[in-house]
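Chain nomenclature is as follows: A, B, C, D and E, assigned in order of appearance, with residue numbering initiated at 1 for each chain independently.
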Amino acid sequence: MSANTTTTADGQAPAKQGVSLPQPAAATSNAKIMRTAGVILLAIGIAAPFLSGNFLIFQLTMMMIYAIAILGLNILTGINGQFSLGHGAFYAVGAYTAAIMMDQFGIGYLWTLPVAGIICFVVGFLFGLPALRLEGVYLALATFALAVVTPQLFKLSPFEHWTSGVMGIVISKPDAPFGLPLNPDQWLYFLTFAIGLLAYVCARNLVGSRTGRALMAIRDNPIAAGSMGVNTPLFKSLAFGVSALYTGVAGALGAIVVQYISPDSFTFTLSVALVVGLVVGGVGWLPGALFGGAFIMFVPNIAEELSKGLSGAVYGLIMILMMYAIPTGLGGLLKAALTALSKRSMNR
Amino acid sequence: MELLAQQLITGIATGGIYACMALAVVMIYQAIHHLNFAQGEMAMFSTFIAWQMLAWGVPYWLVIPLTVVVSFAGGVAIERLVIRPLGDAPVLSHIVVFIGLFAIINSLAGFIWDFTIKPFPSPFGEGSQFGGLISNHQIGMIAVTMTVLVMLFLFFQYTRVGLAMRAAAENPASARLVGIRVGWMIALGWGMAAAIGAVAGILIAPIVFLEPNMMLSILLYGFAGAVLGGLTSPTGAVFGGFMVGIIENLAGTYIPEIGGELKLPIALFLIVTVLVFKPTGLFGRTVVQRV
Amino acid sequence: MSKLLEVTGLHASYGDFRVLHGLDFSVEKGGISTLLGANGAGKTTTLRALCGMIKRSGTIRYDGNDIGSKATEEIVRMGVAHVPEGRGTFTGLTTEENLECGAMTRSSRAEIARDMEQVYHWFPRLRERRAQQAGTLSGGEQQMLAIARALMLRPRLMLLDEPSFGLAPMIVQEMFSILRKVNEEEDVAMLIVEQNAGVVLELADTAFVLETGGIVMSGTAAEIRDNETIRAAYLGY
Amino acid sequence: ADMPGVTDTEITIGNIAPYSGPASAYSTIAKTISAYFDKVNEEGGINGRTVNFLSYDDGYSPPKAVEQARKLVESDEVLLIFQSLGTPSNSAIEKYMNMKKVPQLLVATGATKFGNPGEAPWTMGWQPNYQSEGIIYGRWIASEMPDAKIAVMFQNDDFGKDLLNGLKTGLGDKADMVVAEASYEVAEPVVDSQVVKLKASGANVFVSFATPKFAAQGIKKAHEIGWDATQIVANVSNSVGAVLTPAGLEASTGLISTAYLKDMQDPQWADDQGAKDWNAFMDKYYPDGDKLSSFTTYGYSVAQTMVHILDQAGDDLTRENVLKQAASMKDVTLPLFLPGMTMNTTETDYFPIEQMQLMKFNGERWETFGDIISGEVGG
Amino acid sequence: MQAQPVSSPPQLAVRDVVVRFGGIVALDGIAFELHKGQILGLIGPNGAGKTTLFNCLSRLYTPASGDILYDGKSVLAKKAHEMPAVGIGRSFQNVALFQRMSVRDNIRVGAHANSRSDFFSDALRLPWVRRQEAEVDATVSELIEYLELGSVADLPVDGLPFGTRKRVEIARALAARPGVLLLDEPAGGLNHDEVGELGRLIQHIRDDRGVTVLLVEHHMGLVMSISDKVVVLSFGRKIAEGTPAEVQQNPDVIAAYLGGQSE
């Protein structure tokens, strides 16, 4: 992690930090490509649960859940430039909120989602306040600490009555409502799909708005952003909050889909996985979240097939090779491809 | 009162472990302005190499220098083979590579040497002081840490290579413009960090026992110590390491009920609090940014 | 006089974006050349290409060696000092440490100390600020530091990218007289990019005019100075 | 009958273990089991069928365990899942397994909850549960050391807490003998502070409910600070090779623990046939395995139990019948069991091993003493 | 439009401002006034404290003592991000653009202060947000045209030539519709021709948009040709104030700043 020095006074080319997709010229044709890709993806997404077995549906659901979490992380890191190695903590808070509401109060699972979101927003916002003073490595460390500490907090004996301590909470899987002809796996898939879509659209709107520009301005040059009237501390904290909201909703969904949570479900490896997903998908490129989710969901399995004893090593190796092949993530690769494409169409 | 003294001493002894690791963390930070997440695993691997040599019957006094040299070379090799091809990829891509390295080294060590804990002999022999609160080994460890600290301080502050390394880490493009071989500085940084890590591993293993996951949490404490003291200051790192050890032990002992369960959270909470008031750590230099 | 720097067919680009399209020019041993051109013409890019900071092709011969594929630091080690656009200050180091970095390729401690005295003498402001974190220096102070740092290398060729940038008028005069002195006494050749065309054309022997990545005019400084269009655009009389 | 996972020549059974992540030390168990099935297959299989042992990695993460369990059941269509490891992972899949009616047999955890045929009829444990073990220590202290002042160090998870609860249950009305408790987190590098704190309580019995590394640290530290207390270590951490030797044999002298398996590093079993067979097995089928690790004897024995159950089921390899066989073990004994120990299960008793024997370390090897005790929790 | 008579109350007043950095006194009791519609040149040797003063005016620094009044009201209680709303906009000596954003988006951020929105409405793109975006876009387009940035409007600013970046900074500052515009060395990297253009541009900004300008520049040709008044700082003190002609003749200024030659 490097110290954040985007504000250096020396006109050196600043360290590249990811992708910024909006590009000139053939932008319209790119937009068309992207839109077509989006429609195809949507169609596949709707058809998938009817074409695959329950196990794959479950995996795809988890993939989308991770994607939502990564989307949240992307808002914070990719758009606002604040590192977080602790998003697993917000995922955990969301999951516990949902589980406790269902387990202790018998509240319907659908209600737990917005509540988890709101609670995580508040937690994220509050965490964002002290985090304001920290930059780069220091922030990364503080968030990492959060990731390490959170599972311990959920184990704490005074809360055991709520959290069931280390034993965790078992949740039952909801059936499809309104007599829809879907099995529980399919239903949860569509629920996640819909929420994911909503989350994505909102994130995209946000990034393209005044708020989004303010967030990016802070990322690129906090001092100048302040001088342009952006209330930097407020926006940074809000970015933390919104980011946590996304991740928290993902956590709540994850709890419902997995049907079980315990402190061990949310160790710092989860946070690390989310960061890996973010980078592989492309920092600052929102659709990348889906690819990041797929990566952290499926690649460990591939690694395991290649070698059981050395699955960790294989996974690590894949990660590194991935970074050589696409150092700026899939988003960066796509950007390069689109630029090349539009250049060719311009030359013609 | 007696318990307080005992916990203070135990805290210092444990803090010594963290200080040792924190030094390695600061070393690499000075050289590349990154936190290397694989650092702990590299240290662990070095220690296994030492262990293996001992198992093969290489005499102890030869094992330590050999391990340090091998680790140095290993660090340089990792930089050349793994990090270099990344070029100027964004910071986060580097982080992912560190995470990948972490996974590889950890998994490899488990594959080669298994996960059973292994005793590692202390270079300072058995025996202890202060009624067993601090072993001779821990005293030796603290002494070595202090020595390394002084050497590092002198290296960075008073040697030209040290200056070149700082310059290269801060602004590689400008460093090239004054003729600093940035690539080699970075490789040297990795080598030195790996060598210091090897020393740390050899010092830590007799206390926590050698196994592939031994550094998992120590690295976190090392980070915490380094950050508390200030990543730009070796002195700060060592001080921070001791502080973390002491704070943690006192919190665990004196905060009733949940103190024991919350040892780590409390320590980390205090650190974050310190950072909020002193964002670059207690001893860290504040680099003023102008517009 | 023979050529210290000889450039033929220099191309350079940022990623896929090509900026220089085959430049030919040279700098004499101990001579001073200047590169003029409008905003965005590619002057900075040319200097960056010369010392390998960006992707380039073409032949670049320095002191008889082909440096076209050498790394920046190796070129610098051959005695080429670059005062970059944007100054390239090591913001976290002190003024003095910045200067020491400038002398990183040299070995004699005594000579370095003597040169350090010399640049402090030339830029007393830097002496006053020697222990200050360089990032907190004022814009002009950092510019002085950049020039002083380049001098600490004891170069044989200096590439100066707008050395007068942000300097007060009086300092500009002093700076140019220092450059002249260094050039005359130590035979240091220079390639200067400068908007203050009036002054550099006084100083330089030869000049090149760059327009959108190509040289459109070259000649002795006097010839260029007397050219009508140049007068209008760069000198304003 | 419908026999998922079974063909005329093959029986497919699943397993979930942490090959990666912080708990990867435990993967030795699954590796041993896998090696044992190699041996079984090489020797002709079970009733003519070879065993196809599918073992997946969950990195000790419950969500991943769920995924792997679903993969095993839905995609690989295994007959059953066997020896899935860890309380969190087993808790995570328990509901699913019971809903799917797939046996979750001989799980690798001693948490008491995995022996509850009323609520989870498809889930069965194997090793003595932690609580019974704790009860055994409690009873022993209560009867043998009337003026004991007990200090407990325990791992802050179900393992440590179950043992602690058991200890208190075993102490009965003498539960106030416990004068100090200190927990530690697996994330902590050392437990020196806890040991020092516990010593300060003035206790004369030091109970350490810790996993191997921390148990070894505890033994070593207690010795260093000259804490002259009777020390008890949990069964998981009594391996001579993997715990006592690192901690120092001198420091370990006088330790009390319980056992149900023979310790292969213990010279008293040098001529034991079971031990010889085990050694031959290790050399031939798992040469990379660490013989010091008690996980290998554990894996060896639990695999034998599984083979026994499948063998009993004969050709009726339906899930129901396999479960039935698992729940009707009667006085089954294994080569590595301490002499006199047996396994028993019924439809209402899902705890196969409930017996243990106390033992004391004499500086060289463990010496069992007293009778074989059962610490019945289940029934 | 010409500078208003000096008798009217000043738009911006700097009163005895003192700034210290450790032992260095960067500003030592600076006082001057700026009237609506004026262009005031602020010059002085390197390290005189000009940028430091700008940083006080835009509230990045807080003076140790003294006061800064805008339209008669002290701004010292304001935070930096409130200054655009107060009416003070600025450019930066070392170009502080948002590197990875396009020119257009950079200028849009400039309009941040005179638009409203919140996370919620933005995420849902509520109708009023869309209407406001349209207004902002209109302003931005107008500025892009005004500053002739059309050809680079959708390029990321990173990689633009220095002079262009300076112009983007001016556009960005103007997007907030400031009452007073602080320009820190806008002529850096420009050739003679371009400096002339810049001078005209600054005058236009003053005349067309009624913006008062405080200009820091070492390019004497520019300062002397467009300023109504010039203030000279040296070592943190004001050593002269007056019309360009007066200042150019001032021996102290010549000794401290201009040197032998005065353009």
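The criterion applied here is as follows: a contact is a pair of C-beta atoms (placed from the backbone, for glycine too) under 8 Å apart; a residue touches a chain by one contact, two chains touch by 3 or more.
Computed from a prediction, not measured in an experiment: that's the story for all the values here.
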| item | value |
| --- | --- |
| Third chains touching both subunit E and subunit B | A, C |
| Top chain pair, ranked by number of contacting C-beta pairs | A-B |
| Chain located farthest away, centre of subunit C as origin (C-alpha) | D |
| Approximate Å spacing (C-alpha centroids) for the pair subunit C, subunit E | 30 |
| Whole-Å gap separating subunit A and subunit E, where each centre is the average of the chain's CA atoms | 40 |
| Centre distance in Å when subunit B and subunit D are each reduced to the mean of their C-alpha atoms | 35 |
| Whole-Å separation of chain centres (CA-atom averages), subunit C against subunit D | 74 |
| Multi-chain contact sites of subunit E, meaning residues that touch two or more partners | 51, 60, 92-94, 96, 162 |
| Subunit D: positions in contact with at least two other chains | 20, 22, 24, 27, 156, 185, 187 |
| Junction residues of subunit B - those touching two or more other chains | 103, 107, 110, 171, 173-174, 220, 261, 264, 287, 289-291 |
| Contacting residues of subunit E [partner subunit C, same complex] | 21, 24, 44-48, 50-52, 93-94, 159-164, 185, 188-194, 196, 218, 220-221, 256-263 |
| Subunit B to subunit C touching residues, read off their complex | 160, 163-164, 166-167, 170-171, 173-182, 285, 287-290 |
| Complex interface listing, subunit A residues touching subunit E | 6-7, 9-11, 13-14, 17-18, 20, 22-25, 27, 202-203, 205-206, 209-214, 216-217, 219-221, 223-232, 238, 242, 284 |
| Footprint of subunit A on subunit B - complex, ascending | 29, 33-35, 82, 85-97, 99-104, 106-108, 110-111, 171, 173-174, 220, 223-224, 227, 231, 257-258, 261-262, 264-265, 268-269, 271-273, 275-277, 279-281, 287, 289-291 |
| Of subunit B, residues touching subunit D in the complex | 2-3, 6-7, 10-11, 13-14, 17, 103, 107, 110, 114-119, 128, 131-133, 135, 204, 207-209, 211-214, 216-218, 220-221, 248-249, 252-253, 260-261, 263-264 |
